[in-house]
Amino acid sequence: MPERSLVLKLLSAAIVFGAWEIAGRIPVSYAFPTFLDSMAALFAMLADGALLTAFADTLRPLVIGVAISAVLGIAIGLAIGLSGWFDWLFSPIFIVMQAAPLAALIPLLVMVYGIGLTSKVFVVCIMAMPVIVLNTAGAVRNTPASLTEMGRAFLGTRRDIILKIVLPAASPLIFSGLRLGTSAGFIGAILAELKITPTGVGDIITYSRSIADYPSMYAAIFSIILLAVLFLNVLEMIERALFGGRFRGHASD
Amino acid sequence: EKVRIALAETPSDELAAFFVALDRARKMGLDYEWTAFSDEELAIQAVLSGQMDIGFGTPYAVMQRSKAPIRIIFQISKLKFFPVTTKKYSRLEDLDGVPILLHSRGGGTDSIANVIEERVGIKFGKRSYVPGSANRVVALVAGQAEATIIDLANKNKLMREHGDKFNVLPMFDVEASDEALFANLNWIRENEEAVNILVEALLSVWRDMNEDPTIISRETDPNGPIGQLPKEILDNLDNFYREAVEGGLYDRDGGGRKAAMADMEWYSKAGQLEGDPATLDINDFWYFAPLDRAIEKLGK
Amino acid sequence: MKIFGVRLPGMSSLILWGLLWELVGRTGFSFFLPPLSEVIATLYEIIGTAAFQKALFETAYAFLAGVFFAVVIGIPVGILMGKSRLIDELLLPWVNIFLSAPLTALVPVLMVLFGFGMKAIVITTTLFAIWIIILNARAGVQGINRSLVEMARSFGARPWDAFTKVYFWAALPEILGGVRIGVIRAVKGVIIGQLLISIVGFGALFELYSANFLMAHFWAVLIVLFALAFTLAEFLAWLERKVAYYAAAR
Amino acid sequence: MAMPQTDLSLVETAGAAPQMAVRVRGVSKTYGSVEALRNLSLDFPRGQLTSLLGPSGCGKTTLLKIIAGLLEPTAGEVEVNGHPVTGPGPDRAFVFQDFALLPWATVLRNVAFGLELRGVARSEREAIAEKYIAKVGLSGFEKSYPHELSGGMRQRVGLARALAVDAEVLLMDEPFSAVDEQTRRKFQEDLLELVAQERKTFIFVTHSIEEAVYVSDQIAILLPRPSRVSEIIRPEGLRTKDVANIRRDSEYLDIVDRIWASLRSYVE
Amino acid sequence: MAMPQTDLSLVETAGAAPQMAVRVRGVSKTYGSVEALRNLSLDFPRGQLTSLLGPSGCGKTTLLKIIAGLLEPTAGEVEVNGHPVTGPGPDRAFVFQDFALLPWATVLRNVAFGLELRGVARSEREAIAEKYIAKVGLSGFEKSYPHELSGGMRQRVGLARALAVDAEVLLMDEPFSAVDEQTRRKFQEDLLELVAQERKTFIFVTHSIEEAVYVSDQIAILLPRPSRVSEIIRPEGLRTKDVANIRRDSEYLDIVDRIWASLRSYVE
């Protein structure tokens, strides 16, 4: 029943935004604008192009960082999953990185890489990379043994087996790692804009806060969350387009 | 009831004098607690929404825009900032079109840059924002920037260590406030007693400090937030305050009307306040009673 | 990994990395990377100070409170979503949005709504942790083997019995998995909260040390934090493995 | 479809009036658009073992679950001992194809679980469970967990659990499908003993013709979906013969062939 | 253990000199502390089907994988056509017990996958695959994905893939374990036809005594771990008999009973 679920989605959206509007009208704080005011500010910023420029600024380190993390992360993950040596040497690092609050490293990064694009890209990378590496490695390690054995039995070369069996078998988990990584990357990009140099959406947030233009600040926050959710949905659509309904499970199929 | 104080940064050498004043205020019967926020805007917001009583910062834009009756009661420090550049430049005029690093959009260094542009008749290149003078120094030393504006302590440090590579450009004097204490007017009226004690303690410390900067290190409570700082920082306290006093960072009268007037002019020029400075009423921004009372009590 | 037939324990390569760090640090490669030995000496020095212990206490408090709420709210909500279609359809879109949204952007809003002190940090921590806990509990309940449910019914189980004796235990591996990931995220949440909201705990130490270029101090606290987070995550993973023996058999 | 009374008297050794423990009358079941059972009627004599044989997906499990009260029929009625079925009841116990053991509980607790849900006190239910654990030959494994047992042993835990609640009717859904041939044969012999010892009614689903012929008093052959009973076969004479030689008995082989011929028409 | 040459000449219909396609000599295999095979020797005549029968976990799969070159024996040697085995080779094809199909590939690609790995051009390999898909009765399912097929159909995809690479030796690990009894019987008949048509050597693992007797030229019975060959049985006469009646043939039943008696001693 697509209609029912759509209705429920709209209903739950109406409840949440309604609560926001009411909370803004009470108001809970001088610094808490209403939903409608924030939307008005959002459209104003959209209309004068400020928001789009800001998005471009925010997305640059994000996209570069996620792309680097994806390429490097999948390659490292593959190496870790395939080689005992790599596993021993590198996986502890990524396990520690995943568990640790890397946000604390940001001040250091600024000292090393300065305040430009590099350190922002770096922040995105350290946030996004561990989960991509670990997911890829885990997926590769868990490639059903019977499939790789089958590949060997039918005389596949190592390259063949990696390209035609290991990678496709691991791809759902790799993609879920990419999705988690992108989401962590978004957190990193915003963190970088709030903690390193305010640019893009982070700049709108801090600047409008400093001049007490709270509707604009909330509009920027709203828009970046919306952007993240859209971004991830697009990623999910790509995944579905690539692998379609063909995946219903894994080794059990 | 405890007075809740919103700091705009984590306790560090710059706040040592303030904490000495707080200790004196406690002896005079003030009960307080403090919270450190990661920046000035948060401290302002916290006071705005009533979660904190007294805040740190210069919330002129907020005072003019939001309907909340916020008032400044004491000037902590003046906007003593210094344009620092590589050896390539030696006068402000040379900076036409040069990219510059500043603290934050709409903040104090941003307004200094605005005023420089206006007075000298130049236009800076791209402005990039890096919060924290120390971080801007790092960027400068690392060669990531050619010009920036930094505070007194960092200027001195930079010149001590890398004086051969950088110039401090001569600049006009600024009397406007960098940090000030502010609070909600209604709250001030309900807590006159506490505010009076605090302002009096501050004024006394500011005066003593201008006489003898070492008083800060001597009076610092070894078990307080400043006393707990790493030894490396504590060892430098005397030096820090000596240079600060020499540089005229702390006004011995806590700013008052003189500072308020300077602020009106400065922040209007800097774009934070709207309207002609002459038409602005300083009483819409400052609340002088506690300071007046303290000056009267301690003498001129 | 085996060398000369001897099995090297899983995390032993960290020793190698530590040595590398020491070497690079000794060459004076950069002021921001002091040798590991210096860092450890500093660690030894500051670990007893009141400032460090206060930071540890503040961080642990916010962290534990945040995780507590995430678990106590997250698990029942997740189980409810797994069982009730209506609740699931109402909540699932939001859970998914918050799971992937950059919560850092939301922190300024949290401050306004919930204050600027410890409370906001606790809530940030909870928000970092709760969504994955909800989703996993939901998945666990949805994945319960139908024949276990039918078995319970066929032997006449009442709803409460079925819940406490079958549902909870059957979903436990997923629930624990969710809690483990949630706890890891909570560690990030508590530090981000301390850096972005009010500067207390380890967040304050990081700001202070980095602003004053006390690199050995900085790394010392960082190591403590990494070690704590890592130990916690490994402990939960161990707990998870203890019940995982039946995860495959369900 | 009704069973001639005379047939039964041959088998009912106790000499009591032959009775039907379970009667299924005109049961239909549709899942959405899939019609699984259509107007199916079948009686299960007390104290006997009835097998259900039929192609995959014909609705055997569905029928079993309707009798257990786990599913509601779309139409028709099931009676157990003359009382209509409205839900699960203490008179029936189910042995699940996939065992349905609690992986986090020991063998002892698993076997006692049916009694635990019925509120029997701990010491009492454990004593009963011990007895049935011994009966299925698992003494010494009381403290083991299911994942430490082989498939065949797990199956016996499920069986012991069903026996422990002392229900009159035992519903068994392909209970031996997961064990290897050698073990399976052993189980079949155990099952025959069980039917002889306990005076219970067994309803047994299987895919194996040989198995059905070997263990059953009565075999119901089901048509493909929508399922009705196509034939009822009673391998009467076999019960009295020597178990060791039954597999080469010509009567046995005749029955197997007859069923095979009848089923074969549905396979492709 | 060596096979008397005279026996074989009875079976070898082509009249060519009887030859051993695969010889296993003194093979041992230990996994860590588990000794799976101990000094096992066994020969597999060309063009015949040899079954391996033995209790669960006795090492049948292990032996098959050693022949395939997927595992290295701890000791001993395997020869295929006189050449020692050092790894997988084009002369052997494996039918996996768990199918080992690529879930993301269509039936067509799965069947052609062995050829794809050998670098056969796309159009050519697809033509070959089509042929074998038709042969196992899956025409019309070329574009389906494995999860859309029933267990039996998946099994046939695995079979077609092994047939498509046209290897001389086919290694089949419990290939019919996943299908129901009715379908299984059909498969057994298909397999008999296949052995008759293609002049290949089949090595076949099963748990079912009846199945082994029904389809094999030679049956090797393995002991429990550590495994050696305990007995070799050649159900010679059966091949010439009428398939339809073989299941009640007394020779057939004798062999089944003999094997059963021999295996029974290991089952508890």
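For reference, chains read A, B, C, D and E in written order, and residue numbers begin at 1 within each chain.
We take it that a contact is a pair of C-beta atoms (placed from the backbone, for glycine too) under 8 Å apart; a residue touches a chain by one contact, two chains touch by 3 or more.
To keep track of the chains, here are their UniProt names: A, C = NitT/TauT family transport system permease protein; D, E = NitT/TauT family transport system ATP-binding protein.
Model, not experiment: these values are computed from the prediction.
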Practice problem: Using the contact definition stated above, find the chains touching both subunit A and subunit B. | Solution: C
Self-check item: Chain pair bearing the highest count of C-beta contacts
Solution: A-C
Practice problem: Going by C-alpha centroids, which chain is farthest from subunit A? Tell me that one. | Solution: D
Practice problem: Tell me which chain's centre, taken as the mean of its C-alpha atoms, is farthest from subunit E. | Solution: B
Quiz item: Distance from the CA centroid of subunit B to that of subunit D, rounded to the nearest Å?
Solution: 86
Practice problem: Take the average of all CA coordinates in subunit A, do the same for subunit D, and state the distance between these two points in whole angstrom. | Solution: 54
Quiz item: So what's the Cα centroid distance for subunit C and subunit D, whole Å?
Solution: 49
Exercise. Two or more other chains in contact with one residue: find those residues in subunit B.
Key: 45, 49
Quiz item: For subunit A, what residues touch not just one other chain but two or more?
Solution: 29, 31-32, 107, 111, 209
Quiz item: Chain pairs in touch?
Solution: A-B, A-C, A-E, B-C, C-D, D-E
Quiz item: In the complex formed with subunit C, which residues of subunit D make contact?
Solution: 65, 68-70, 88-90, 92-94, 96-98, 100, 102-104, 113-114, 116-118, 145-147, 165
Practice problem: Provide the residue numbers of subunit B that touch subunit C in the complex, in ascending order. | Solution: 6, 9-12, 35-38, 42, 45-46, 49, 51-52, 132, 134, 223, 228-230, 232-233
Self-check item: subunit C residues touching subunit B - in the complex, by the definition given at the top
Solution: 46, 49-51, 54, 111-112, 115-117, 195-200, 204, 207-209, 211-214, 217
Practice problem: Provide the residue numbers of subunit B that touch subunit A in the complex, in ascending order. | Solution: 39-41, 44-45, 48-50, 61-62, 65-68, 101, 104-107, 128-131, 135, 138-139, 142, 144, 272
Quiz item: Where on subunit E is subunit D touching in the complex?
Solution: 55-56, 137, 150, 180-183, 185-186, 207-210, 247-248, 250, 253, 256-257, 260, 263-264, 266-268
